[in-house]
Every structure is written in C-alpha cells, then in structure tokens.
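One chain, subunit A, links the two complexes that follow: it is found with subunit B in the first and with subunit C in the second.
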Partner chain A sequence: MRSGGGQLVRALLSRFAFGIVSLLFISIITFVASDLAPGDPATYIAGEKASPETIQRIRESLGLDKPLPVRYVNYIGGIVKGDWGESYSGTHEKVSAILGRTMPMTLRLALLAIMLASVVGISMGTIAAIRETKLLDRGILSASTFGVTLPNFVLAPILTFIFCIKFDILPTTWETQLRGPLWMYLALPVTVLSLRPMSLLTRLTRASMIETLRQEFIRTATAQGVPSFRLMTKYALRNAILPVVTAIGTTFGFLLTGSFVVERYFSYPGIGSTTIEAILSNNVPVIQACVLVTGFIFIVVNLIVDILLPILDPRIREGQV
Partner chain B sequence: MPVKMRAFGLLVIGAISIVLVGCGSGSGSGGGGGFSSRGTEGKAGVFRYPLPTNPTSLDPGKVQDGDTIDVCQQVFEGLVKWGEDNTVQPNLAERWDIQDGGKTYVFHLKKGVKFHNGRELKAADVKWCWERVGTRAYGSSTAETYMADIVGVKEKLAGKSPEITGAKVIDDYTFQVTIDKPRPYFLGKLTYACAYVYAKEALPDGMKDMATVEQMVGTGPYKFEKFTPEEIVILAANKDYHGGAPALEKIERPVIKDAQSRLNKFKTGEIDLVALERADLPAIDKDATLKAQLKFFDRPSMYYVGLNTDVVPALKDRRVRQAIGMAIDRDKIVNDILGGINRRADSILPPSVLGFRENTNYLKFDIAKAKALLAEAGFPDGKGFPAVQFSYRDGRPDVELVAQAVQQQLKQNLGIEFQSRKVEWGAYLKEHNSRKLPAFHMRWAADYLDAENFLSQLLASYGNENKVNYKNAEFDKLCSEADGILDEAKRKELYGKAEDIVLQDAPFIPIYFQKDAELISARVSGLRESAFGHLPHTKTAVK
Partner chain C sequence: MKGKKLRDPLFWIGVTYMALLLLFAIFGPLIPLPDASLNPVMDNAGRPHLPPGTPGALLGTDEIGRSFLQRLAYGARISLFIGFAVQTINLIVGITVGVIATFSKKWVSNAVMRFTDGMFAFPDILFAILIVGIVGASKVGPLAVIFALSISGWPSIARLTKTQLATLKEREYVVAAKASGASTAYLVFKHLLPQMSGIFLAVSTVELAGTIISESTLGFLGIGVQPPTPTWGGMINSARVNFNSYPVELLWPCLILSGTVFSLNFIGDGLRNYFDPKSNNS
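== the complex of A and B ==
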C-alpha cells in the first residue's frame, strides 16, 4: 500500500512536469502561429485606409518591430513575473486583469453546468439502466439522443423566446446591474450549457450500469438478499461510475473552454466570449493568454481525474489495473 | 473506503460553495409587469442602446469605429462639428477667419467652456492634445488621414520635428492653424475624433491611451460615469454643458455582442435603439409593431468594382471597361441579392457629399450595347478575352455576395471570365496598395463630406488612393482646380464635369451606396442625424 502511494506521487509529479513542458510547447506554437498568420495586428488596428507609414508606426508602438525570438523571450519572462502584457484593444487593459475578471465568471457557469449535468445525467442513466428496454428507458434514451444532437445555438434562442419574450420571466442577457436574483441570470445559460454533457453522461452511465448489473457479484448480492436501493447505489453504481468520472473531468474542461456560444448569446462576460472577440480583432496578447489558460485547464483537469480515479477504485491505487 | 467517499463528498461541497459565493447579491425588485420591466420605473431620461463589441478605444486619438466614436463624441469635442445639414458648424471655436487665400485658419474659441473637472478650456489645451496625437510614439492610426494637411504634422509623425509648427497659440482664446495649401474641405477633417480636446491634467502619461473614466475628461454634453470592460459604458449628463444642459439624465451602452440578443432586448423594451443586420429585416417586415419603428439612413459609403487601367491589357481599353459597366445588373444586386436596403449608385459621389448629383451620365444596364462594345474591342461574345483575377476582402459577407454576383453576371452577359478571389484583409490591403490588382470589389467610406475625398483622392493621377492607375489629363485638371478654390458653386460644377468624365472612362463601376437600418423606440425623440450617424444627444429625450 505504501509503495503504491509512492508510485502514485511519482506518477503525478511526472504528469505535472509533462504539463509544464506541454504549456511551453503551446506557447511557442501560438507565438509562431500568430506571427505567421497573414495580416499582422498593426494592419488590423490601422483600419481600412491606413498608409504603410501608419501601420509601421503602430507596429513600433506595439513593439512588433522587434524580432520574434526577442518578443518570445520577453513574453515568457513577463509571464513568469506575472505580467501577461496588455490588450491591443479597448483601454489596453492588462491581460492578467482580463483573465481575472472573465475566468471566475466562466468557472461559475461551467461548474454549475457540470453539476447539473452530473446529478441529472447519473440519475437518469441509472434509472434507465434499471428499467432497461422498458418504456421509461426508451424515453430517457430518446431524450438524451435529442440532447446530444441539439446544438447550443438552436436551444438558446428557443428557450429565450419562451422564457424571456413570451412569458417574460427571465432576463434575456447578463447585466452589470442585476435586476433580480443571480439565479435568474444563470438559469438559461447553465441549462443550455449543461444539456449536451447531461445527455452524454446519461448515456454513458446507462451503458456502464447495464454492463455492471450483468456481472456475477450483483447477481450474488441479489441472491444474498441485499436491499435493492443499497445494491444499486453502493455496489452497482459504485462500480459503474469510473468511466463516468473520467467523462465528467474532460467534459468540464470542454465546458470551461467551449462555452463561447452560450456566453456570447447571453452577453455573459466570460473568457469564451472574450476569446472570440480577441480572435476576430487579431488581439494577439489576449489570444495567447486564452490559449495558454485553456491548455492549463485541460492539464489540470486531467490531473484531477488521475487523482480521483484511484480514490474511487482501489484497484487503480494498488496498481492492479 | 468511507474516508475516501467523504473526501469526494467534501470536494463536491467545496465546489458548490465556490459557485454560490455571491449568489446573495442581486436586488430583486419585482416590477409590475414581467422581468423586462423590472427596475425601469422612474428611468425616463435614460437612453439605452447597445454596443456590438467591447469599445475598441475610448481615447479620441485612436478611436476609429463608428460605434465607439458614438460614445466618444458625447464626451469630447473639437473646434468644429458636423451639423444636421452635413456642413461644418462651430463648436469649441465659435467662429474663424480664413486668411492667406485659404492656407491659414484663425479660430476664436468660445469663452467659458469648461472641462468636466471645472477648469476652463484655453487654446493651449488644443495645442497640447494635437501635439500628443501627432507624436510618433503615441501611435495614432488616424492622425495622418485627418491632420496631415497641417504644416508640421507629417514631420512630427515621422519623428523629425518636436512640434507641429502649423498649430500656434496666439492667446488664450485664439488658435491659428496653417495648412500646406488651400483646402476648402479642411474643416471637415477637423471634425474627426483625433482633433478632439481633453484635459491634460487628467492624463498621468500622455503617451499612453486613456484607460479609466477618471482620465477621460472632455467638454461634451455627457461625462463618463462608468466603464466596465465587455459589460457597459454609462454616461451622465453634463448639466454645465456650454451648449445647454442635455435633456437626458444618462446614456447606458451595454455591450451585447450577439445580434439576435440585441434584437430580443429591443423587443422586450429593455433597449431603445438597435442597429440591424440585413438578415433581420425580412422578419421585421412581417411584424407591424417593429416595422413602424424601422428607420433607414443614407451613409456616405460607396461600394464599387475597380478596374485597373494599367495591369491587364484588355482592361486598358475603355470600351471593355464600359462593356463591363453596362453588363452588371446593379438593380438585381441591390434588390435581390442584398435585400433592397441599399441605394443603387449612379455616381461616384454618395448622397450627402458635397457635389452629389441625382442625374449623371452613368453606364446604364444594357447587355446588347455592352456586347457590341466588347466586339468592337476585339472580343466578340467574349472570345479571346483573358481570364481576369477579381479580388475582394475576406470577412465581409455582403462584399462576397456582390463579388460572386458580378462574376456570374459578366460570365452570363458577356461570356468573359472574372475569377473571384477572396483574400485575407491584411494581405488584401498590401496588394491593393501595390496598385497591381487587375480588378477588385471594394468600399470607400467618406472621411469628410467633400467631393475631393472621392474624386481627387480615388481617381486623380495625383490622388493617394488611386489604386486603379487611372490617368486622364482633363479629369486631373478639373479636380485640381476644384480642390483649391473656396467658391462652392464653382467647385460643384467642376467636380460634376470631372465625375461625368470618369463615369464614362469607367475605371470604377459604382454598385451601391450603403444604407443602415435601425429600430428606434417610439419613446425616443429629438435624435439629430448627420450622414456619419447620430449626432451627440444634446436634444435626445426618452419618455
């Protein structure tokens, strides 16, 4: 047991080191890619009629006239010191300030969505598995198929029409000065964002549970008279949940970085909507930071899943799997 | 094992508590009606309309896009401004004398104009702001376009002069500007944001962009109250405004990036004005309530097809260019392809620009005549006509639609091949500036409302923006004479003659003039318009 723990720590440390290397790699790729991409930021900022002289002046004022390696070293040096640079647009806000205000917003949305998706998804999946091939199972399965295929940009307008325009009980967009309790502003974005992961988790839990329920030990437990609720939760679900936990982890990563459609539609000032605007306006420092943070989130989420799995399954912890 | 379960449970509880932090905030003042009417009681006097993106810059020295300029012009002002009749009107300067045959302008500043911090504006403030914008290190993208006529600006921008020699403070209320040669349209350029005046004491570092509302101190009818990036800009009325206190209390500009969400907010009455996308219009047309609030505005922007007169041999022939002009069905493009919002362009000069004429000798759509001209030029039914590269910029859906329509019409009507080619904006600009693109579809939007900004700059052989290598001695002569005289009637006459020449020479095929569509709530009154958009909200009121 102890040596197993040591192995785990070593494994995690190496994962961590690998993560740092990945981030460095990501930073080089984004840096070089944004340099190679046609049309530099100065051209974009200079506007439709700018003369070559104006573009050159802007390039100088942004420090883009320095060679690429120099800019890269300065950039990484800055990040190490906590300086992510400044946005090219707006009031030239510090990138760290942009991350600081947008990340918690997105984190809140993604956490609520993944929690809603997990609770509903695992419950529905379990119920469907218990009632396999019955009408209830068919119903849940169809609903989840629908949920997987319905895109956010279709669902959001439908819900907005019903709840904001027709019945006028929820706000259409996020507002700086809230005119109602916070949950009202989060209800629609969270629901829309959680639908797809909820459906995926339902299907995954169902499949995993069905497989588990067919196993020997469940039949034995049933034969020994273990009460059925206890059987389902303590024995079956406990065993069926491993792939689901991994899926929750990766899905959460995608929610954190893939919520831009929802954020944009509901004017929710999170990192997704900021990233899209940065890409559209060639705002390189913000794009770079967003890509790095995205990479970081994926690495951390995977790390957390790696830590959680052995806690849930002793076989992994003891190196048997 | 239970220990592990508890650890997992704690993690979940931790996550929930993170999420719920701050959930207690929110006032929740229930209004009489639905959610949308919450908090609007007593909000008459607040004008709300959205910004489609985060403000691109709140510094007058750098701002460029119309939406953000609309924010800045409420707060900052220049010596002169556009009026509702699209002519230049006094603002910080109450009058001016034009001397030296049109090369020197002596501005007499209005006395008692106060910045939002209470200090009186003096001529030295104008000088300081202009010097700032002219500094190379500051990196203004607009100073060259709008201010380079002033003696010394080019030198200062190039880093060769410490001062703009042509801008002089005579005394506290007199400011003298010398320009390189007589330019009757010069005052139009001075209306632009880069020539606005602000309080220097509010800026800790003049070479840095304005970053906080405390640094944005102007003289305009509104002052900055709050700016939350990517969320909202709030302006409060300046009760001491030198032009009289505005009727509104506040202007709120929430950032709403999604077009459909903007429209939804208008439908629920939470915003009072919204600019429309073309795709929204058919639905609005079917809704009587919305249709009653729909308004169209002419903009001084011309979309055209440029035919380079000096790259492809076939296009050097005037008859070929005329044939192309006659073979493009612009009515079809404007009405069927672009949904009938815009206005067919029968001239180079758009409405509202000095020199615009309703009736010109433009090339009318006439396939038979076009074919005859093409045959005369040696390409009967398009036979032997070389394929021509036809470029347009990426990222503008309407530009792409029109370019494809032109390609298809020329193929169908004349049997000639225009190979359309979409180019990323930065790369496009480079090629465009090289004057080597054989044919292209492009837009020209007015910098100021004068024929010189279109005819002389785009088509005279001495024009900076002549990317089609068009050269006609008579046209040049007419334009250069009109560019330098002050007699407005004479100028219009000369530009009219010049425009007739160029329309027949056809280096440019004007396709349409841009129109914008907006929904404006019946609650709003007193909006003042110019060709460039809504003027500052000095008279606007919201019931």
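== the complex of A and C ==
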C-alpha cells in the first residue's frame, strides 16, 4: 500500500513535469513563430510614415533590438505580470482586455457543450450497451458514427435551416444587443459544438460498458438480485466510466478546434472568432496570445483529468494498475 | 475473410463514390463553358445566383456568377491533392519515427514517444493557425496547408507503427530471421513493414477523411488555400452569407464534402475489417 502511494506521487509529479514542459514548448513555438511572421511591431506602432529614427527608437524602447532568447524571457515575464502587449489594429486595445472579454465567452460555450455531450453521450452509450445488438443499439451506433464524421460547418447550416428558417424559433447569429433570452442564442452553437464529442463519448461508453457487463462481478450481483438500475449505475457504470473521463479531457481539444468554426459560423464573439480576425488582419500580438491561451487551457485540462483519475479509481490510487 | 470484405455494401458504395470523385476532379474542370462569364476561377461580374439547371452551369452560379459544377471540380482537385500529399508525408514521417522509437536505446525511444504523445494530443488547428500566421493569410497556398496539416498528422501513424512493431517483432519468424543474422534494416523492410501495409492503408484512408475535413475547415475559416482558387470550405463560407436567400447554394459543397468523408470512412472500416478482423468494434 505504502509503496503504491509513493509510486502514485511519483507518477503524478512526472505527469505534472510533462505538463510544464508542454507549456514551455508551446510558448517557445508560438514565440518563434510570431517572430518569423511578417510585419515589424515598431513600424506598426509608429505608423507607416514614421522616420527610420523614430522606428529605431521605438524598437529600442520595446527591447526589440535584443536577441531572441532575451525577448522571449521578457515576453513571458510580461505575461506573468498580466501584460500581453497591445493589439495592432483599431484602438490598440490591450491584448489582456481582449482575452478578458472573449475568453469567458468561449469557456461558457465549451463547458456547456462538454456538459451536454457528457450527459447525452454517457446515457446513450449506457443504453446502447444494455441493449447490445438490438435495434436501439444499432440506431445509436449509426447515429454516433454519423455524428463523428459530419463536419461542424455542415451540421450548422442544417440546424440553421430547420430552426431559424423553417420554424423561425431561434436567431441565426449572435447580436451585440441580444433581443431575447440568452439560451436562444446559445442553443444552436452549443448543440453543433457538442455533436462530435457527444458521438465519441457515446461510442466509448458503449464499448467500455459492454466489456464491464461481461465481467463476473456483474453476473454475481445479478444473481444476488441487485436491482437492475442500481446494478447499472452503481456497479457497472462506475467501473466503465474511467476511459470515458479521460476521453472527456481529450475531446476538449476537439471542442477548441470546433469552437473556431462554430464561433465563426454563428458570429459568436469568443476567442475563436477573435483569433481568425487577428490572422486575417495580420495582428501578431493577438494571434500569439490566443494560440498561447488556447494551448494553455488544453494542457491544463488534460493535466486535471490525469490527476482526477486516481481519485475516481482506487485501483490507480493504490498503484495496482 | 475475403468474402467479408466483398460482401460489405458500404465499402463498395465508398469505392464507387471515390472513383467518381477522382474522375470528376480530373475531368470536371475541363467541362466546356458556353459562356466565359461562368468561369469558375476568375473574379468576374457574370450572372450571379443562376438557378440549378442553367445550361453550362448545371448547378447554378454563385454570388459573382461562377459555375458551381466546375468550382466543385476544382475544389475536389485541391482537397484530394492536399489530402494525398499530407497522408504520404504522414506515412513517411510516422513510420520513420515509429521504427526509430522501436529499435533505438530506451532513453531515445522514451524521448521520441513522449514528444509524439505531446504532438498527438495537440489540437491540429493551433499548428495550422501558427503556420498561417507566419506565412500571412493572404499568401496561403496548397503547400502551406500541406505543411500545416502534416505537422499534426504524423504522430498517430508513429504510435500505430510502434504498437504494431512491438507485437510483430516478437513473432517467431522475425526472431528466427534475427537469429540467423538479419540486420535491423533488413527485418524492418523485408519482414515487418510489408506485414503492416494493410493496416496502414486502412488507417490512412480514415485519416484522409480527417485531412480533407481539416483542409475544408481552414478554407471555411478563410485561412486555407486563398481565393480565387475554389475550395469546398471556402464555398461553404461564401454560401453561408447568402444562406437565407439561396439555401440551395450551400447544399452542393456540403453534399460533396460529406459524401467524400463518409465514403472514405466506409472504405477505411471495410479495409480494417478485412486486414484486422479482431479490431472490429473500436
């Protein structure tokens, strides 16, 4: 027992170290990439018509004349203090303000989508597993295959056509002045975003449940007359859920990818549409910050999932697996 | 085993669709236009929003009067070219990394696989965005997109190679060949890789679908291959703007893209069941 605990701590520490290395890796990649990007920050700030001397002065005051590693350390130092630089475009808004405005929007979308996906996916997967090879199972399996394969930007117009044009009950896009309850504006984006993770979780829960239901302790419990609902939820699902929890973490990646498309399709003012606008207008500080933040969230979510697993599964906690 | 593959109707539907798509991609752009204003590539002020069934533009024209049929054919060329190119690169890089990870010293192998896992877990669109950020959105062509999508594509092949090799290299005939003095390179090229070709084909087919979706996603977001070159994703994006008035225009690119993606998945599943019947329901 004791040695098992020590092993677990070591495993968690090594996982944590891997998370830190990943964070460093993504920050270096992002920084070098932004450095290679066309456009010179000093020229942007001074304006196109500025004299070479002015540009040179700004470059020195920003520390842009320093070598790359020094600038990287300065950039990271700035981020730690909450200074992400300024946007090139419009009113030169602080990047931190842009992130503060758009990040909560995207997180709300992503969290609602993963919640919907988990609830529906785990239920559907469980039902399919209980009715294995029956018609209901086949139906759920086909629907989930369809859901994994169908691109977001194909599903979005289909739903828009049904709910916004045919029945006219939901708004087509986000508006700065919402003319109705918030859920109406969130319904379609959340549904579209959740489809792929929902289908993946359905398939995974189904596979994992089928495997669990074949095990002996389930048969024993059935023979002892444990009520079937209790048997499914407390005995079977609890054992089958582990790979599903891991997958909820990894599907978060699909959510981030998907949110670029969904936000753009529904003009939702989150970090996805901000990133795309920044790319189209060559707004390097904003691209840099958005990619970095998205990568950070992704790494942190996966880290949390890996730390949560031992809490859910005593076998891992005691170092037996 | 053979009969199983041949009896799977979905596999053959997929093969038929892809064969037709390939022909469409090769010959579609050659369909003569009765009227230069229908030109699918040029930015021109032709007759916009012609309905489907118009002579010369069977599926109608888009918002600046370009024929949908020919634009879809050009889009098919782009999607298939990028898809095949990315899969080729993924196979070469992925197999190389997998072989290195299997046959090198333990610490090298661990480092390589850790890096691979890290890359595998990362959302591909972030890499694509970085690449496009470097190149500048207005200058993105097929090569930049191929590069962007291969960076995140090879790790799955590397992992597959590693797990396949781990079991294969313990097989008796491999151990026997090794005992009789065969070099690692000989083992890999003569005995191991040929054994895995079926699985690679199956996996690459499914991944090809993923690559085509990613390419279309970039096109849809406006950061893929740039206009005036027609791409399915780009067509979906511009049809979206006119969706309320001309919903049918969104139908064409969505249909052809979904058909492609489903067909490739059908083919991939069929191939996998044929080559590796054990991994049936994963």
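Rule of thumb we're sticking to: the second predicted complex is superposed on the first by the 258 of 321 C-alpha atoms of A that agree within 3 Å, B and C clash if a C-alpha of one lies under 4 Å from a C-alpha of the other, contacts with A are read in each partner's own complex, and residues count from 1 in each chain.
We take it that contacts are C-beta pairs under 8 Å (C-beta built on N, C-alpha and C of every residue); 3 or more make two chains touch, one makes a residue touch a chain.
Just so you know, these numbers come straight off a predicted model, no measurement behind them.
Q: Considering only the touch criterion stated at the top, classify A:T212 as touching first (subunit B), second (subunit C), both, or neither.
A: After superposing on A, A:T212 lies clear of both subunit B and subunit C.
Q: Which holds for A:A33: it touches subunit B only (first), subunit C only (second), both, or neither?
A: After superposing on A, A:A33 lies in contact with subunit C but is clear of subunit B.
Q: Quick one: classify A:E60 as touching subunit B (first), subunit C (second), both or neither.
A: Touch status of A:E60: first partner only.
Q: Figure out whether A:S144 sits in contact with subunit B (first) or subunit C (second), or with both, or with neither.
A: neither
Q: After the superposition on A, what does A:T251 contact: first (subunit B), second (subunit C), both or neither?
A: neither
Q: With both structures placed on chain A, which of the two partners, subunit B or subunit C, ends up touching more residues of subunit A?
A: B
Q: Contacts for A:M115 in the overlay, against subunit B (first) and subunit C (second): which applies, first, second, both or neither?
A: The first partner, subunit B, only.
Q: Contacts for A:N239 in the overlay, against subunit B (first) and subunit C (second): which applies, first, second, both or neither?
A: Touch status of A:N239: no partner.
Q: With both complexes overlaid on chain A, does A:T160 touch subunit B (first), subunit C (second), both or neither?
A: A:T160 sits against subunit B and subunit C alike.
Q: Scan A:D168 for contacts with subunit B and subunit C and give back first, second, both or neither.
A: The first partner, subunit B, only.
Q: Where on subunit A do the contacts with subunit B and the contacts with subunit C coincide?
A: Looking at subunit A, the two contact sets intersect at 38, 157, 160, 165, 172, 264-265.
Q: Show me the residue ranges of subunit A that touch subunit B in the complex, using the header's touch definition.
A: 38-40, 43-54, 57-58, 60-62, 89-93, 98, 101-102, 107-108, 111-112, 115, 157, 160, 164-165, 167-185, 264-267, 269, 273-274, 277, 281, 308, 311-312, 314
Q: Which stretch or stretches of subunit A touch subunit C in the complex?
A: Within the complex, subunit A touches subunit C at residues 18, 21-22, 25-26, 29-30, 33-34, 36-38, 145, 149-154, 157, 160-161, 165, 172, 207, 250, 253-254, 256-257, 260-261, 264-265, 275-276, 279-280, 282, 284, 287-288, 291, 294-295, 298, 302.
Q: Which subunit B residues qualify as touching subunit A in the complex?
A: Interface residues on subunit B, with respect to subunit A: 1, 4, 7-8, 12, 15-16, 18-19, 22-29, 33-39, 53-59, 64, 136-142, 144-145, 157-158, 208-212, 227-232, 254-258, 260-261, 264-265, 267-268, 270, 424-427, 429, 433, 443, 445, 447, 464-465.
Q: Please name which positions on subunit C make contact with subunit A in the complex.
A: 114, 118, 121-126, 129-134, 136-137, 209, 213, 216-217, 220-223, 233, 236-237, 240, 243-244, 247, 250, 254, 257-258, 261-262, 265, 281-282
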